[in-house]
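There are two complexes below, and they share subunit A, which is joined by subunit B in the first and by subunit C in the second.
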Partner chain A sequence: METLAMHISNGIINGPVAAVFAVIALAAMAYCVRRGRQDLDDRLAPMAGLVAAFIFAVQMLNFPIFTAGVSGHLLGGALAAMLVGPWVGALCVAVVLVVQALVFGDGGVAMLGLNITNMAVIGLGVAYLLIALLLRVLPRTPAGLAITAFVSALVSVVVAAMGFVLQYQLGGTTDLGENLAGLAGTMAVSHLFIGIGEGLITATTVVTVAKVRPDLVYALRALKPAAPATVPTVGGVR
Partner chain B sequence: MGAGHAHVLYRETDSPVHRLPPEVKIAAMVAFTIAVVATPREALWAFGAYALLVAAVAALARVTAGWLLLRSTIELPFVLFAVALPFIGAGERVDVAGVQLSVDGLYGAWNIVAKGTLGVWASLLLAATTSTRDLIVGLDRLRCPQILIQIATFMLRYLDVLVGEARRMRLARISRGDDPRFVWQLRGFAAGIGALFLRAFERGERVYLAMLSRGYTGRLPTVWQGSAAATTGQWLIAATVPVMAATVAATAAVLT
Partner chain C sequence: MKKWGFIVGGLLVALLLAGVVSNFASSHPDGLDSSLREGCTFDADDEITGGSCPAQQEREHEIGGPLADYGIAGLDNEFLSTGLSGVLGVLLTFAVAGGAFWLVRRRDPAAENAAGADRADPATTSRG
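Let's turn to the complex of A and B:
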């Protein structure tokens, strides 16, 4: 199995900045744990596990982009926000990152705070804000849902990549001088392409799930409070 | 699949490191990594000392150097980034074989390669000696919030479900005359991914309901807690590696 790392590895960002972001990430995750506990019911528990497994699998697909060692992969943030909501979704992404750092060496353990901040906090936050906004604005059709999923995935990936650029500016171990703008540009362009791929995968997945089991899409729950009460199926649900 | 859900990196052998309780190993690995990252990059000798520590633990865990090196390729993208640094770094320049290189960039490249590699080695050693089930038990004993443990448990369980479902769907496609090998068949892949997700979910939901009906309450089953929690002696044994690393880091910080 050929797997490549993309998360920030040890030694890229200096210790103090990593420590500050570790505190930020810890505080954000503590809040998500509190909010997520209320969300996690019988339907969401297996969904959260599957979303985490899906993200885990999808993050193994790496795209080395350009020559300068900039690579990227799908983040899965928007998918998580759509299917299990922002709180549990952030926890799913964080769990994936922790397991990857601990047993795959993907992303340095000392850099976990930075990676969680970028992908679980910034990525999920941006994605969910966009989802909440777009679902209200766009028509409630499969196309509207697809556009919502696509746009939120695309934007959240690019913004999360910019999180790395910001952290590098704050505490990169090597001063790049004016080349930092070049790094920002490369990251933005490469993640634009990744974002398109991520958007397509997120949109197809969410639309398929919404068509067959709309009850499973967290983002749609808040919109349809008057949904018909589900009749308990005798003999088990499928 | 039924074999305790061991992951690809786990090495099924017996060694003193394998026998240590997981929570002890996780704590030691995290502490070691932090000591490495905190070391000033100019202290070249310190990184040699860390590499010796890694080699000692690897020998104890019966992990061969070849396996460790082969698996280290995971950090290749960052090595490439590191190689670029001397060329794009700012500040003072030195002349190396006729090429103007940034001094800061050279140190930066060294910093990333050395610290990154040591970090990868440390986590590979943890992965080689700890099954995923033990890893979750370890995180649980380290007082990780229950909701995270629950998500992690399901994630590792469903990875197998997902892979199995993907294999079945691929077989089904091939047996119907598709040849999913080329880039232009990405459309079929994209269309299948939603179906894959749904099928895996419904299978996963059945697994979950079966667990609930057998008394699952969100806590880890007690049978998983195979070994007892770590004793003070085990904590002390495992602490030797991070303590030595911390000593090296402190010495390096004082000297530079």
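Let's turn to the complex of A and C:
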């Protein structure tokens, strides 16, 4: 059962590159605190705590993907972006990664900056750009919401995986030479399948929350439809 | 009250997932791990037996700790060990994230630019 290490472990990326990404991650998170404060009111704060706890829980649920004994698990970027917005969402994912590194021995503490950059910064950034785009062009229906969640989750997972490949190119501790393309390939293919799982989980969760408490879905509040006169808003309590 | 109903309900779902369903999770290495293991061979105990792969460079975790690898150190029942560590993780994550977000939240919508201003009495603004 040596299986539940799911983030970058110590020794995989060299110290200097890990340190550079620690600085990048810290700066990004500081910026997210500044921007996120504007979103964080009495309603969003407990919801954001719940989103972080939920991501922690679902990350434990490795699901099998295609063949050859490979599994995948939620990263949570698109889910967080949908429910609590990009800034607070990035902080949610970062808190999960910090708890996992400090308390659960998952992901080296020295590697935290790399993991936060991939999953909280890149993952959230890509997801939210797609959410903002798709929610404006797709109809305001449960199906439109589900497609938005699915696509943004899938793409953000693959791009986050490529973030790791870039980091490995900069500071990987094994000289892969020509094989770096091979690493990029296996990462891309496995995370394409993981992204499908991520998309299904994200869409199911977001549609469920939207059904029960539409006012708690940040993306529905913040991103008004392009033609508000013709389409009834689903969320907007504020 | 409705707000807290949703939060409590959501937490219960998370606790159920981390506390029970986690035991049915796939035990295969994840996408990242398996990519890094490409090129090496492994024995039944998951030790590297040959070949060359990035995972060989892996070093010990700095801290480890009693909950390392999502289990409770010393608890032999694997079901309980995984489940309890998951429950503790959910509660801890909720406390840390929820607490931090509650502390930095915006108190008065009109004064949102006054970031870092004094944070007097949280009690009076406790419900939205």
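Convention: the second predicted complex is superposed on the first by the 209 of 238 C-alpha atoms of A that agree within 3 Å, B and C clash if a C-alpha of one lies under 4 Å from a C-alpha of the other, contacts with A are read in each partner's own complex, and residues count from 1 in each chain.
In the analysis below, a contact is a pair of C-beta atoms (placed from the backbone, for glycine too) under 8 Å apart; a residue touches a chain by one contact, two chains touch by 3 or more.
Since the structure is predicted, the reported quantities are computational estimates derived from the model, not experimental observations.
Once subunit A is used to superpose the two complexes, subunit B occupies space that clashes with subunit C.
Once the two complexes are laid over each other on the shared chain, residue contacts for A:Val109 go to subunit B and to subunit C alike. Within the superposed three-chain model, A:Met187 lies in touch with subunit C and out of touch with subunit B [touch as defined at top].
Of the two partner chains placed by superposition, only subunit C is touched by A:Tyr168; subunit B is not. Contact with both subunit B and subunit C is seen for A:Ser9 once the two complexes are overlaid on the shared chain.
Looking at the shared chain after the overlay, A:Glu198 reaches neither subunit B nor subunit C.
When both complexes are overlaid on chain A, the residue A:Leu216 reaches subunit B and subunit C alike.
Once the two complexes are laid over each other on the shared chain, residue contacts for A:Leu50 go to subunit B and to subunit C alike.
Using the contact criterion defined above for the overlaid structures, shared-chain residue A:Asp42 touches subunit B and also reaches subunit C. Only one segment of subunit B in 40-48, 58-66, 184-192 or 202-210 runs into subunit C in the superposed model, and that segment is 202-210. Common to the subunit B-facing and subunit C-facing surfaces of subunit A are residues 1, 3-6, 9-12, 33, 36-37, 40, 42, 45-50, 52-54, 56-57, 62, 64, 68-71, 88, 91-92, 95-96, 98-99, 101-106, 108-110, 173-174, 176, 179, 182, 212-213, 216. Of all residues in subunit A, those touching subunit B in their complex are 1, 3-6, 9-12, 15, 18, 33, 36-37, 40, 42, 45-50, 52-54, 56-57, 62, 64, 67-71, 88, 91-92, 94-96, 98-99, 101-106, 108-111, 173-179, 182, 200-201, 204-209, 212-213, 216, 236-238. The touching residues of subunit B, when paired with subunit A in their complex, are 7-9, 26, 29-30, 33-34, 36-38, 41, 71-85, 88-91, 102, 104-105, 107-109, 111-116, 118-124, 126-127, 130, 132, 135, 145, 147-148, 150-159, 161-163, 190-191, 193-195, 197-198, 200-202, 204-205, 207-209, 212, 218.
Of all residues in subunit A, only 1-12, 33-34, 36-58, 60-65, 68-73, 88, 91-92, 95-96, 98-106, 108-110, 161, 164, 168, 172-174, 176, 179, 182-183, 186-187, 190-191, 193-194, 212-213, 216 touch subunit C in the complex they form.
Partner subunit A is touched in their complex by these residues of subunit C: 3-4, 6-7, 10-11, 13-15, 17-18, 21-22, 25-36, 38-39, 45-46, 52-65, 67-70, 78, 82, 85-86, 89-102, 104-106, 109, 112, 115, 125-128.
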